[in-house]
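Each of the two complexes below includes chain A, the first together with chain B, the second together with chain C.
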Partner chain A sequence: MTNLPNVLNLKPNRLLAELNAIRAIVIKQWLHTVRYPTWVLQLLIWPLIFPAAYILTARAFAGPEQIALPVFNAATGTDNYIGYIVIGTLIWMWQNIVLWNVGLSLREEQLRGTLESNWLTPVWRFSLLIGSILVQTVTIFFFIAVTFLEYRFLFQIHFQGNIGLVILAFAVAFPSIYGIGITFASLVLRIKEANSLVHFVRGFVMIFCGITFPISVLPGWMKSVSQWLPQTYVIRAIREITLVGADFNMVKQDLLILLGFGFIWMVIGYFAFTFMDRLSRRSGSIGQY
Partner chain B sequence: MNNNAIEAIQLVKQFKQKKSKKAEFDKKRGFFQKKAAQPIFTAVDGIDLVIHRGEVFGLLGPNGAGKSTTIRMLCTLLEPTSGTAFVNGFEIRKQPTQVRQSLGTLLAGERSIYWKLTGRENLMYFAALYHIPTRVAKQRVEELLKLMELTDRADEMVEKYSTGMKQRIAISKALVAKPPILLFDEPTLGLDPQAARNVRDLILKLKSEGHTILLTTHYMEEADLLSDRIGIIDKGKIIALGTPEQLKEQIQQKEVIHLEISGWFEQLEHVIKEIPGIDHLIVKEGENSSLQNISLQTVNSRAAIPLLIDKVNVNGTHLVNMNILKPSLEDVFINLTGKALRD
Partner chain C sequence: MKNNEIELPKITLRSYLNVLFVIANKDWKVYWRYPINALVNILNPLIWLAPIFFLGKAFSQNGEALGFAAYTGSTDYMSFLILSTAISNFTSAVFWGMGYALKNDMDSGVLESNWMTPIPRLLILIGRTLNSLLVTSIISLIMIILASLIFGFRTTGNIWASVLTLIPMLLGLYGFGFGFAALVMIMREANTMVDMGQFLIDLFSGSQFPVTVLPRWLLPVALSIPLTYGYDAVRGWLLNTKTILPIQTEIQLLLVFMVVMIIAGVFVFRKLERRVRSRGTIGQY
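Coming up: the complex of A and B.
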């Protein structure tokens, strides 16, 4: 028999210990973010140049004296096509960043060879993703702030509307955007073609969610696809709030739908994760890359 | 509940093999045809094993024998296809969390820790994942850094460490929760001789502290030196089990002759094999191209040697060196499988 003093005999409160583990995961993730600092530049550049391409195209198509604007207004209810595009592309970039950061966080650990080390501990495996999401949320908060500030000062775009309502809209979209990220994170552990999968998902969002145009211009069957994508609703709601000055009652329905999608995507994400975990224990694919 | 540190019962792991190019082609052609059954490969083939508390058990076998697969099942990274195992009394399928709490696992390769974190950050991180309160963890991490003689370098990023230092952090990671049972998969693989010696000393020290250790290796000197008992594994089966002495006794009546021959040519192998009283001839991959090392076993070297010299010293071939040795574990392995441990 061994007479080792076992730290585990201290029987720490399981929940507190798990929260402490999540804290450690956040710190680790944060240290990695800071120590690969290319993201700082990306954080400043992408909010500017990605929408700019669409904005300049739109300006060209609008013709001299912007004579096409009334047509745009009739379809969207606003003249502010720059703001319209910025909101659409912002949500797209949010989903894109979540796919890259949260969605690839486990895959990155797998490539580094550290995923198994984490899996060897008694930590709740889902905590690893929760940690990524928490760190990611901080980055995205900056990203959104940078976007609004850059367009305010460089393009003189004024966003109106209730800031609290804008935050609420982002918050109710959160579970959907991250649920998709979690589902994605689980899938790429098996389907190792992460890059093409990212391009597929974000291309889908780009076409079906109207990031630079109103859904009404889509052909009928594409419109019905749009209805099933949560990004469609968050883009629409935030546009209405910031460009038309909609109040809570006007966007209530969109926000409720978003909550519903959020619930569904979180459940899908959780099951995709558990399923992937079980599958890889059978095939031994966790350690392979 | 049983009181063994580890008990494996008819443990089996089969992998579906990746479809070959041809199979994929066939599938494309015959869309409506029944899918051909995926070929199945048995990596671990019904292992029964009992490891007692406080024991160092060495799993010795060639590449692909199933050592890592066995370790991966015990530490719950892999689910057995059939059979089961108990670790610290917990069943690996039904109580994976308790199993993980009982184990410190070192997997092969230095990539198991974060290179962009410092040594200390790594250990604090894994301590938290093992649910150790921060206060206790701090103290534990200092202890480990001291034990590993890494205190001075603890705040440097791991990417700046030598391979040996990385391995010491990886081992510390396995020790951070003071688990009673340790699984070390090839703990000295890729280390320079000095670092490897340090790791072996450490393993002996951990044993003296009361840890149970299951280690895998394909170096027999290492298995011989460290293990109380050894299981020799080949093609997923344990083909011999016992203390190093017991295993060597199995072929004690035999002698092992190592030869160095210059001017070697392939047919000579058959010529030597014909000599009565000689078996288990192994032609080793020589580092020196002009000299060929071979080893063989015989029950009576006095009768065999004159014949050997006669047969070898022909047509410009010369016997340039010869040693008669007591059987080593490697020879046990050769005796059992007819092949060398390191091909």
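Coming up: the complex of A and C.
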């Protein structure tokens, strides 16, 4: 008969063990994503049809002979209203996807009844969210690439500027977008009315961040609100780079502000997560839905 | 009556009406049981209107959307949009509410027992339609009132004519909903189909813009969707916008749409419902 050891030999290298856990979470999340083949359809069609609704409306506003286009140019600094709308709606879609996928990842585990057992494993709990974010990052990368390619080649929309700078702008926006997602994921563990909350948060971005319009047309109090939202800055920076051909110095300030927001949202996200974790464990509500 | 016989009540028109009332009443209670969801249904269309409102401002000079007026004959683009959004609420109710009506019962595990009751199955859907029509009308009315306060809404036309025009359109839409509900019941996982389906129908029927702005190659798609004429005719009545066809012709098309959709919806529902029963998947989800 084999003698069982008195002490279980857990992996001595804590970091390696955590990385291993994250790898397992990533594989699980990836399998979930690709299990439903409609994700390919969504990846190809949404980047095309969502901006299209606003683009066609803008076309109606421009008029049959584009008589109102100079007015738009005066307000935005560009004639390219299609590119202008594509960039704004792309950032909105990014935040929206993060809210649904990362923001609801823990809630979905809660609904499936697997959150409590996962919570009991000897793994850093934050890894559950990191795994979701990593898978999300891969799919969103394709989503962004598909958006630019579809509008470039199907609609001949000319995006200019340094591609490295565009990638940098997306990269510095990353912590803010995902920080909001993490905060959201933590809140819905307690509040539970997840779908309604997604509508409110993404609605905020839709109203205040200028996804289809320049912030200058907003009333004063709305302009003040928009300045506190990171999406405003990423939309403006990417528009400047891709539509006006701005260089690093021209968008440096927006990128620095985005980094600041990113730091703040990541800290808020982490503390919201640990606070909600402690609260839920104390009240025994982790397994409830 | 012998002691070992149970006398079942006779099926009369009154008993059918009673069933309709019970189903509609149950749906009504369930809907208002989640007040935050109801609030979202009122506020969400307003949220979606905001980017268009400000986009219109970016194209307007001294508050006049001249480009828009050249297409529609009216510079009042917000009334155009608010009206379209109110109609669009019904499309959404048919796709998400009616489309998922049977699927939701399936998920809650009550469909099989409801199916065993001695009432025509179509009646279950008609009962749900009544509640959906009532709730969506209330939500749309509140939305229009709020939108009027926020964005401004003016009608100068004939309200009753527009309501009468809406009736065949809505009946046709709900007729389509019968077939669609059965399709979702058979497919079970249909979120993507419903989400994209509704978005595309709204897009091509010109819920946000006059369909004449569509590229030439897309215009036939818009003109082949009967809802296009519904949106167009109602806006024509209420806002005096230029219509694609004479309003009388658009109403005739809507009447044809209503008859075809109700017949087709009932036919598809019966076919698919029989198929689900023969496969024995009514209780599965």
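Here are a few things to note about the model shown:
Operating definition for what follows: the second predicted complex is superposed on the first by the 281 of 289 C-alpha atoms of A that agree within 3 Å, B and C clash if a C-alpha of one lies under 4 Å from a C-alpha of the other, contacts with A are read in each partner's own complex, and residues count from 1 in each chain.
We adopt the following convention: contacts are C-beta pairs under 8 Å (C-beta built on N, C-alpha and C of every residue); 3 or more make two chains touch, one makes a residue touch a chain.
Keep in mind the model is a prediction, meaning the values are calculated, not measured.
Partners chain B and chain C, brought together by superposition on chain A, fit side by side with no clash.
When the two structures are aligned on the shared chain, A:118 is found in touch with chain B, with no touch to chain C.
Draw one line from the C-alpha centre of chain A to that of chain B and another to that of chain C; the angle between them is 80°, to the nearest 10. Once the two complexes are overlaid on the shared chain, A:36 sits against chain B and chain C alike. Applying the stated contact rule after C-alpha superposition, one finds that A:23 touches chain B and leaves chain C untouched. Closest C-alpha contact of chain B with chain C, superposed model: 12 Å. Overlap of the chain B and chain C interfaces on chain A comprises residues 36. Only residues 36-37, 39-40, 43-44, 47-48, 50-52, 54-61, 65-72, 77, 189, 191-193, 196, 199-200, 202-203, 208-210, 213-214 of chain C touch chain A when the two sit together in their complex. On the chain A side of its complex with chain B, the touching residues are 1-8, 10, 12, 14, 17-18, 20-21, 23-25, 27-28, 31-32, 35-36, 112-114, 116-123, 278, 281-284, 286-287. By the touch criterion stated above, chain A contacts chain C in their complex at residues 36, 38, 41-42, 45-46, 49-50, 52-54, 56-69, 71-72, 75-76, 85, 193, 195-196, 199-200, 203, 206-207, 210-214, 217-218. Listing the residues of chain B that touch chain A in their complex gives 15-16, 53-54, 69, 72, 75-79, 97-98, 100-101, 103, 105, 107, 109, 111-117, 121, 124-134, 136, 140, 173, 177-180, 209-212.
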